[in-house]
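Chain nomenclature is as follows: A, B, C, D and E, assigned in order of appearance, with residue numbering initiated at 1 for each chain independently.
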């Protein structure tokens, strides 16, 4: 794990501030995610973690500061262009296309890199057919990869909760991201499910995709991440390897809240 | 007591409706499983039926009181084509358009103005009309498609009225008097298929050539729309309908696709308007009232928004029934209104809903949680937008 | 063009405010129902229309055939307002019970509501044109065209602003609308039923868990919105002294426009939107000609929405899509 | 062909029955203007059939609701299936433009009792006729009345943007050029608040107001004008010739109102022949002979005369009409080659109490 | 028994979510429902509070059949619920939200409000803030407080710890204990089975719409099957309050590529 921590920066937040009316959700935040690592973002509720995701994916434009991905500034870009650049995400509350099949959900992700316009599609031109074939192949492969290859034709909303989380991940992966953002993927899962999710994240990372993870489950975070940053009131209060962060008194005070057992 | 209410009150109506509609559902499921050759045979039969439709023996039953072939052209054929166009916007992309008649009007006026002023022929004009109406779709969509869905409703309604009123107040295009003496399409051939039927000779009295023109347009548009539906474009529309924000983040340029839906819908509306104007000889702004937009929308929803066979059925019924029941005279609109309410109450998903739509209903969550006691969490939608 | 605006400024302002007040009162019904149900109650225009006939019926029953004054006038005004409110409120409630409630229970799509609403609207219009007006008001021929209402007040100038005279009827309409808006604002923000309405608007499921009978709240919402349309209807017949079966159509669309312009779901937005729309139309028509009235209104709507996508005051009944 | 079409096969060769159609709005919003001529025509045909003629006439009304989209299939059916030999109508100008070409191609003559748009006569149609003067005659006559009899120098013209209304207003406007100072505005047909128009009129302070449009809007405008203390005399065209105007404006407000019409109103005329007609009409339909009832009767009579003369097919009837000349109930009926009446007169009516009185021909009538 | 479900079936359209559940809650108890995702826990609670109609079976409360009683009436009878996802009224202030809890009751509520602020001092600080802008934990407190304002005999809590930071999870659980001490019966649904079982007197295990086990909480804590399925074997990592939350001590996957459930 330690071998990647010196990798080059894939995502860099530079003095990012985000205000909503009077609320300062993110306050002068610097953050760097390096190529190939699993980076965890933790912190109390309302600390601004999801807001970071929203800033990175272009849902919000920062009040101040700069977001760079792969060396290029991406704030100000349209959300779908950010996706094309190579950032994909899942949502804190699952947001699948419920009344579409699992396969179609993933296909929507795969379409991000497809080119056929309405003319090609409407006339059924050859390159459109080829793209369509390739997209389906990729989608099947990804559904297998996340472990729901046997449920391609089922509708998203009819999948069990855990499989829905997996489907969200497959859909995100279909956009061929360099960086995958996972927002509390283990929320509402039981321990067995968490364990298998953990392995999936590991495999994604091993396959070459950098992962930025928000999670409240300390067991999972501590075990899987290479580095951890802790947010509180929109500011970074600690950063480092899991073990370091876990014993940081400020983190215990603000987030973990069990000083007696920490040492 | 929420659970018992559902079955009381209009119970008998419901039971009767179920008898009528269950076969529809079964048919859809059968269709979903049917092998290719069956489908092609059915397509073939449908087209043949459409070609044979304007015969007097059919007409004697279908519209005893006016000319059946003319009725097949307008309202039926025109409604069907308009409904297919509106379905792209409403059914596929999920955008509420209450002013669809605007594009129909624009197509009609392009035909009328260019046809009478510049003397171009129909085939040249229809291309221009399609371009202009889709352009107007884009002009309307560009500032408004970023708005929330319900705001779009009033803005499109306004647009429909604006187009009509501008036509009415602009003397250069006839003002309230409209435009007369619109040229017919040039004859393509004067072959006579059966005695007394020259399907490619466009005159004043015989509406059948125009009807066949509409049928041809319908077939083309349906093929095009079906292909789109099953492609990347259709998936993008479905995704936008389901969750626009999530779609955008998954790489769908939502705005562009919504605009595309608007433009395609507008193009179809415009093409319909062109044929309409060429057949009618004379058009006036009052040919394009708001109620026509509402009627086409009703046709789409009544048939089953998002499902082409349903939409076509809906448009057919909405065009045909008032004609069939001419006997009721003044009461036709009254009945139409009542039937709309009744239909929505007993079968809100429409007569022939798509598989997807029926599912949305089975689950009972379309109204974002206003199912009274049996509400589903709106909280989800609210919180997730943070 | 601008000369016209300048020379007509004060008369336009007065007329704009008077018409805008009626828009605002009707807009309230749209906004309340939308705020709670997220539903465009397209049939609200007919709620208004029926209100005008409620007022007319009351006049017929009272036997008023010409202008009255003093206390009689106040009494009659009060009674026709009550009559109109009963007619409108009742219609609105009936709409909810017949056309919407079952759809709500089924969780039908917005589109289905809209079509049901359009259907109900057509039905009510035609019902009045064909049955109620000819038989109830004994006007077989004129039913489709218009029904005159006896004048209730002598329309007299009260005072002048600039070169324009302010007439008593216009002032009455304006003041009436403002007063009703204040009353409604108090109801929604201060009373128990108001809290129930707001809670249901924001999260119906949680509202049930608080013991809110949301069927009743929804009914109340329709009733209050309908009653406001009734007030508008009463003021309308006093001012214009006629009505038709389709009188609601155009006013309804304009009121809906006003509601969206002000920020649909927002009660104060309805007032602001209504008055703004009235003024915009008045100024616009004095510059460009009356034939452009609706074109102006809708164009300004688009313009407003481009700069303020949720209307002038934004949404508020359910507020905070945080 | 099945259904009702069978009986009439054979066109009109043999003696027996021929069909004559009527096309117009028998229901719907504008039925008020089409029903009287329909009744008038029906009366004529009934009277004719009672005389036990060799060739009976079957009168077939087609209800277009005044909508061109509905008129087209009905007209197509009328000529293709029902094989009518002539038509009374179409009642309105709008539907005439769509139906005219169909009748033309089918070579079926028509005589309208109420379509007054100018351009109908300019289409080069050979089978089309009408027994009323057009707006082009009505407008100038009204304008002439305004300046001559009412001595107006400043005139404000309003219309409600409908086909008929704008046409009439334009015609008045054109004639007044150079004879009076004119200002114009339009109102919304469906609107109820005409305040901005009223303000403009008030600011203009005209000697007379002319309104092109129908009586409902006319009544509303007139009332709002009077309430805003504009007392200028008010004039309008045939679309406003209805008691509804007086009722809508209120009796007091409606004084000093004049209406021009190419029609002879059964109820307002002293002519014995007209009076007799009005009585027969009342007996048959239990209603006053309202606008265009006499014209409907005259239109039907022209067709009846053609058939009486032994013409039972459409072409022959048309040829007969070309040479027709007879005094009808309302006026002399003689068609110019383009289908218009060769001589047209416009009459002016004034409001008196709850009703109208005929002031006389517009060229000679004077304001009391 | 205060609350009883007898062979209850619930459907979502054609989907059968609850397939014959029977359970009991006695006065003064904390009873916990545990089970995998989609087992039907939330649906069970919604059925009790009247948000979902039942298709068969009976719900008894205080000995009376309330199967057909509308939801808003059940609140008056004494069933309070803090729903999944909190469901606060975002456009109302904290105080208004709490007052909504007393909506269906007559009489003065000032005393009850004070009691809530006493229980949740944090809410007292935020009483004038719009609920929509509260943090997740604060919203959870508000949801519980609001439900308590209805003066319930039984309080239904649906995953009160979901999505909360470890520190807040600990807090919420102690609040639940406190509420119970003050005399409110609690029916608690939790994914966080470890902590739920430590708090509860008894528990039911749900699987795909069936009750598969019911026993005292301590028995279930020791049950090997339950441990394997819902407590993560001997994992015990949920909640940082646990002593062994160190990276090395944390869960060893037991079943390799075990399917998600």
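Note that in this section contacts are C-beta pairs under 8 Å (C-beta built on N, C-alpha and C of every residue); 3 or more make two chains touch, one makes a residue touch a chain.
None of the values given here were measured: they were computed from a predicted structure.
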Target subunit D, source subunit C, minimum contact steps: 1
Chain with minimal offset from the mean of all protein Cα atoms: B
Most remote chain, CA-based centroid, reference being subunit A: D
Top-ranked pair of chains - ranking by C-beta pairs in contact: B-C
Chain centre separation (subunit A, subunit D; CA means) in Å: 75
CA centroid of subunit B to CA centroid of subunit E, Å: 49
Rounded Å distance between subunit A and subunit E, as computed from the means of their C-alpha atoms: 29
Geometric centre distance via CA averages, subunit D-subunit B, whole Å: 37
Residue numbers of subunit D (touch at least two other chains): 28, 161, 186
Junction residues of subunit A - those touching two or more other chains: 92-93
Interface hub residues of subunit E, defined as touching at least two other chains: 50-51, 70-72, 83, 85, 87, 90, 132-133
Complex contact set, residues of subunit D against subunit C: 28-29, 31-32, 161, 185-188, 190-197, 199-200, 202-203, 215-216, 219-220, 223, 227, 244, 247-248, 250
Subunit B-facing residues of subunit C, complex: 34, 36-40, 98-99, 101-116, 118-127, 129-130, 203-206, 208, 214-215, 218, 253, 256-257, 260, 264, 291-292, 294-295, 297-299, 301-302, 305-306, 309-310, 321-322
Interfacial residue positions of subunit A with respect to subunit E in the complex: 23, 43-46, 92-93, 147, 158, 160-163, 166, 184, 187-199, 216-220, 222-223, 242-243, 246, 254-258, 261
Of all residues in subunit C, those that touch subunit D in their complex: 4, 7-8, 11-12, 15, 18-19, 141-142, 144-146, 148, 151, 155, 167, 236, 240-242, 244, 246-247, 249-251, 281-282, 285-286, 289-291, 293-294
Touching residues on subunit E, where the partner in the complex is subunit C: 49-51, 70-73, 75-76, 80-81, 83, 87-92, 96, 99-101, 103-105, 130, 132-133, 146-147, 150
